[in-house]
Amino acid sequence: MAEFSVEYVQALGEDGAVDEDEAPELDDESLRETYRLMKLSRRADERAVALQRRGELGTYAPGIGQEAAQVGSALALGESEWMVPSFRESAAYLARGTPVHRLLWYALGMEEGAEVAGSNFPPSIPVGSQSLHAAGLGWAQEMAESDEATICYFGDGATSEGDVYEAMNVAGVLDAHTVFFCQNNQYAISTPRRIQTRTETLAQKAVSAGIEGIQVDGNDVLGVRAVTQDALAKAREGDPVLIEALTYRRSMHTTSDDPTVYRTEDEEEEWGTRDPIERFERHLLETDVLDGESIAAIEGEIEETLADEIDLAKAGREEVDPAEMFDYVFAEMPPELRRQKEEWKSENERGGKEEGFERDE
Amino acid sequence: MTNELRLVEAIRQTLDEEMARDESMVVYGEDVGVNGGVFRATQALRDEYPDRVYDTPVAEAAIIGLGVGLGAYGMTPVAEIQFASFAYQGFHQIQQHAARMRSRTRGTLNVPMTVRMPYGGGIRALELHSESFEAGYAHIPGLKVVIPSNPADAKGLLASAIRDPDPVMFLEPTRLYRAMRESVPEGDHTVPLSEAAVVREGEDATAVAWGGMVPETLSAVEASDASVEVVDLRTASPMDSATIVESVRKTGRCVVVHEAPRTGGLAAEVVARINDDALYHLEAPVERVTGYDVPFPLFAREDAYRPDSERIRRGIERVLSA
Amino acid sequence: MAEFSVEYVQALGEDGAVDEDEAPELDDESLRETYRLMKLSRRADERAVALQRRGELGTYAPGIGQEAAQVGSALALGESEWMVPSFRESAAYLARGTPVHRLLWYALGMEEGAEVAGSNFPPSIPVGSQSLHAAGLGWAQEMAESDEATICYFGDGATSEGDVYEAMNVAGVLDAHTVFFCQNNQYAISTPRRIQTRTETLAQKAVSAGIEGIQVDGNDVLGVRAVTQDALAKAREGDPVLIEALTYRRSMHTTSDDPTVYRTEDEEEEWGTRDPIERFERHLLETDVLDGESIAAIEGEIEETLADEIDLAKAGREEVDPAEMFDYVFAEMPPELRRQKEEWKSENERGGKEEGFERDE
Amino acid sequence: MTNELRLVEAIRQTLDEEMARDESMVVYGEDVGVNGGVFRATQALRDEYPDRVYDTPVAEAAIIGLGVGLGAYGMTPVAEIQFASFAYQGFHQIQQHAARMRSRTRGTLNVPMTVRMPYGGGIRALELHSESFEAGYAHIPGLKVVIPSNPADAKGLLASAIRDPDPVMFLEPTRLYRAMRESVPEGDHTVPLSEAAVVREGEDATAVAWGGMVPETLSAVEASDASVEVVDLRTASPMDSATIVESVRKTGRCVVVHEAPRTGGLAAEVVARINDDALYHLEAPVERVTGYDVPFPLFAREDAYRPDSERIRRGIERVLSA
């Protein structure tokens, strides 16, 4: 009656060999920039986790291990095309030009970190819910006869939420210009992939929407880039695609999480050997795109950037005015809310000092 | 110039005029296209704007969630949820995203969506086709909740809702869709959101009602010997309590009427606002004439559940004699 | 990487020919009972619509044209197995032994019509939502190591709701004993099947849950019976199945609906020639299971039953005590609710007469 | 015999004891198994009852909806929603089915499900991890809404909720999970639902609070010179207004405290109940000390949003001096 299949793509093998049929055409500069972004993301995550451990940051969800999936895909997107992330997309944000201090602001509990700059949605906490916004953007692009597309990130866990199925289904019906990019990092907090669903792949979820589903080695930044480029090309014509990138969350779910409770060291080590940055670095060294010196230069620049950005983040934190929470509820402040704001101010700003705003940690 | 229209016709006309006015406006929802909506509120709209009126799959979370994306892209989404109870399927999208997008992004993103939905009882409809959840929505900061009670307001409020840059839950009383034909201003006509209307002046007591309860309240007041001021709330949130408070300061007595269950209903908020600003003027406890604390029953028991003019009249009498 | 397919089954062709490989083994008595139930359902629907037209019934959703899908599948279920219907399953209820007056009570706006008798859930109005209850029942059967299963009905429109995807997915993970039976009657109110989803079939939605999906001619009562029997056998072992029965809603969505607005006479006529009852009747006549006389006897009996049941329904309607709406909110009535009930009674039962309870039509 | 336990430990112990008591009880939800729950409320439970503790996919509508089926089959479902805000994903299942099943089937089907969920602010959590929607649930007839404020009540109320034949939304204040260690009765211990507790007696004013606001209220009262009676509501719905009314009749003044936004919050219902039955005893308007009408902000602004003992103290002073 009807037949379906799911393909698997890998361009840069674990052994460092490149399948030229699958690899995207990228000049050396692009390759180095890809590498730099992956390293920047890794180090930003590491610094963020360290800051959190010292009590200087709120809960943080590192993407360590997922840099290829995020950077490879985000770089395939045009600057004015829309990116709709979940909550673990630091690497994708960085690839889209978002400065590190904005990510830190969000992790400092500041709405300032969720301000929309460029065509990037803010982080979305409710699992899978943002997929519908991406379908909406993609539908708008179709209605506007735009030749642009939208990419949406979510995880393996999100594929169990009704929203994600609805999003793929309506995207299919409405010819939305949407690429659904699922980072299957094997876990939803403690819950392994096999407990999310009985399926062999997550890519096959696309079959239920009548759209294309494809699997890619998510630790292979070249494969991810190529598959996403193809998918975006189709999406721009009104054919949404679901990509499943097979990867691994190498660190904790968030800084509140202890992965040793639910997974083995063996497993973590096994995936360690497939680290996306190491694999890509080996390749770039072998092909002389990078050498020890240029790597050291990149690393040095990253450390400097991070130092500056962390300072910026802390400085911004000092500036937070809590009374602004009243200011953005509606375009115009209704009278009762104005009254509440006045109440708040009269109680908290006696003599100019802002009370009730010490962190109690 | 005015026009004699039914409430549902006023809705349809407004959608039409707003689409003409705003080229970025899109109307979508279940059966709003070819079928023109199950209540015909979008009748023939698709013929006029074939590229901006869409039938969607049966998926309410999607209907709401798509609007968040459309809004971000710069469009003006006007969605229909076929019956208010089915907005619950998309409740998470309303609470977690539509209502919060402006505040969480410090105004860099907003959701100029209007979600139209028929609500309320009185038409012997199927199960779960008669509920009123205005109180639940009014408890969600960032949402506006608007409920017209007559054709002219339906037009004026809907136009304001569509033009409003924030998300509006627009609840249309099914009972009134075809209950009366009244004059509706032609051409551009807006009624500001968050302004209640004193639809009848009085001295002895204040009756506050909205949507489907307004005609019932008016006929209760007409049946009463007393001079009762009637306030049509029109916008449930942000609420115009000033108008209510002013009236209650004058009359000293108040009845609040709604179809939703009593506990946690919006009448409680009205009582609380009166408590805040007019307590010392009260000569009797405020009366709540509401649905009972039971799930809206199937229609054989609907009349027993839903306040009618007789029950409202008794409430007015109680508050006058207390 | 992974391959999937969806099969299509038909046992009794439109030409009346039977594919013995696909047909279930049923004795003549079962065949006649199947026929009787289909006819009963058809006539009950017709009478109900007529009653509604006379203002004697509330909104009614007839299942005319879907009798093979419902009766064929419901008869495959064991008596103590669970049936979880949507809102158009009169035929399935009748096949499960529910008397007609109970269905009419529901359409008279009486909770009495939704009382649970036997292992049948009440009608479910919110599209697709009941699928999760069926997954819960099927999961309970798995946990209880039961050799029973649960069948759940929903329509083509329901396959767009997140609940249905979630239900199939959790059923797969939890080895729920659930058969999801989708009656694809081509429309969700006015919305044709092709606007619900971009897929070729609805059966392929199963692929997203990793469970089996199969398509059957839903106007072929023998094929439906066979496919459902197979599916139930699998479900009883913990393998859920999705069945898509291709059928057609021959009359209105509900009595509030006017199908001429959104579909053509040609289309209706085309499906008319595939009517499930006529097809089955031809087959039973050709195979001498029925003759003109026995058909007349069945028809006579049905008319008698319906007359009695309509009387019962009307009599029950007279007995409705509105004050009972307070009685079933909680197992025990809380004080405030008791106060409200007293209030209601004092206002409505002066002198024993119940006011506020006239129908205002 | 009593035991010094934290609130989350009391929850865990109760789940354990109830599972031992009722073989048909099943605990399920996201990460409740191997991980023992993100707050460790189900820690090691799966080791003890491997066949009755389940990790589920990330699907809240499913978590609620499955419970309807489990209940119909005769099991006692105890579901965890990882954070209260994510119950919105299953809101339709709560409103349309769990809450209504008994009434719509005239008692022939019921949903003996308990839905546990951490709620409320004060722990510098991520976005959407701090909300309180007790008012929304309390407005849904057929649901019980229970909120403990200390370890002993957590045990007693949870046991009652699990044994209750009707659906219970059981809101656990994350702020208090590990805030104190208090004695909890060993063995069978139940606290009846729908009974508020006078946790401190007083004469000058009444303070009503629940969940995470109870300790803040107690410390505000301790900081005040006045004699303030503190009522811990414990069950938000069906509400024990008799205890509140009795207290307010005595004190004539009242402050109601909650974390949720003010408009449409449960304080309004408390005000309305006081209006109904104690208006003539009121010497001042009831004060509502609540969250503001803004979406619960990210944590850098959380302390400015969430009532603390200082704000509550000011509210008490206002009501005393009015």
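Chains: A, B, C and D, in written order; residue numbering restarts at 1 for each.
Heads up, the rule we're going with is that contacts are C-beta pairs under 8 Å (C-beta built on N, C-alpha and C of every residue); 3 or more make two chains touch, one makes a residue touch a chain.
These numbers were taken from a predicted model, which means no experiment stands behind them.
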Legend entry - Chain of greatest Cα-centre distance to chain A: C
Inset, instruction - Give, as an integer number of Å, the spacing between the C-alpha centres of chain D and chain C. - result: 39
Inset, instruction - Find the geometric centre of each of chain A and chain C from their Cα atoms only, then give the gap between the two centres in Å, rounded to an integer. - result: 44
Inset, instruction - Starting from the mean Cα coordinates of chain A and chain D, work out the distance between those two points in Å. - result: 35
Legend entry - chain B: positions in contact with at least two other chains: 56-57, 59, 61-62, 85-86, 88-89, 92, 96, 103-104, 127-128, 141-142, 238-239, 263, 292-295, 297-298
Legend entry - Residue list for chain C, restricted to those that touch at least two other chains: 111, 114, 125-126, 129, 160-163, 166, 169-170, 173, 195-197, 324-325, 329, 336-337
Inset, instruction - Select the category (line, ring, star, complete, other) that matches the graph of chains linked by touching. - result: complete
Legend entry - chain D residues touching chain C - in the complex, by the definition given at the top: 26, 51-52, 54, 56-57, 59, 61-62, 64-75, 77, 92-93, 96-97, 102-110, 141-142, 144, 164-166, 194, 238-239, 241-242
Legend entry - Of all residues in chain A, those that touch chain C in their complex: 1-8, 160-163, 165-166, 169-170, 172-173, 195-201, 203-211, 215
Inset, instruction - Would you mind writing out the residues of chain B in touch with chain D in their complex? - result: 85-86, 88-89, 91-92, 95-96, 99-100, 103-104, 127-128, 133, 135-136, 138-142, 237-239, 260-261, 263-269, 271-272, 275-277, 279, 282, 284-286, 288, 292-295, 297-298
Inset, instruction - Within their complex, state which residues of chain A touch chain B. - result: 82, 84, 111-112, 114-117, 121-122, 124-126, 129, 131-141, 143-144, 150, 162-163, 166-167, 169-170, 173-174, 324-325, 327-331, 334-337
Legend entry - Complex interface listing, chain D residues touching chain A: 30-31, 33-36, 38, 55-62, 85-86, 89, 124-129, 262-263, 292-295, 297-305, 308, 310-311, 314
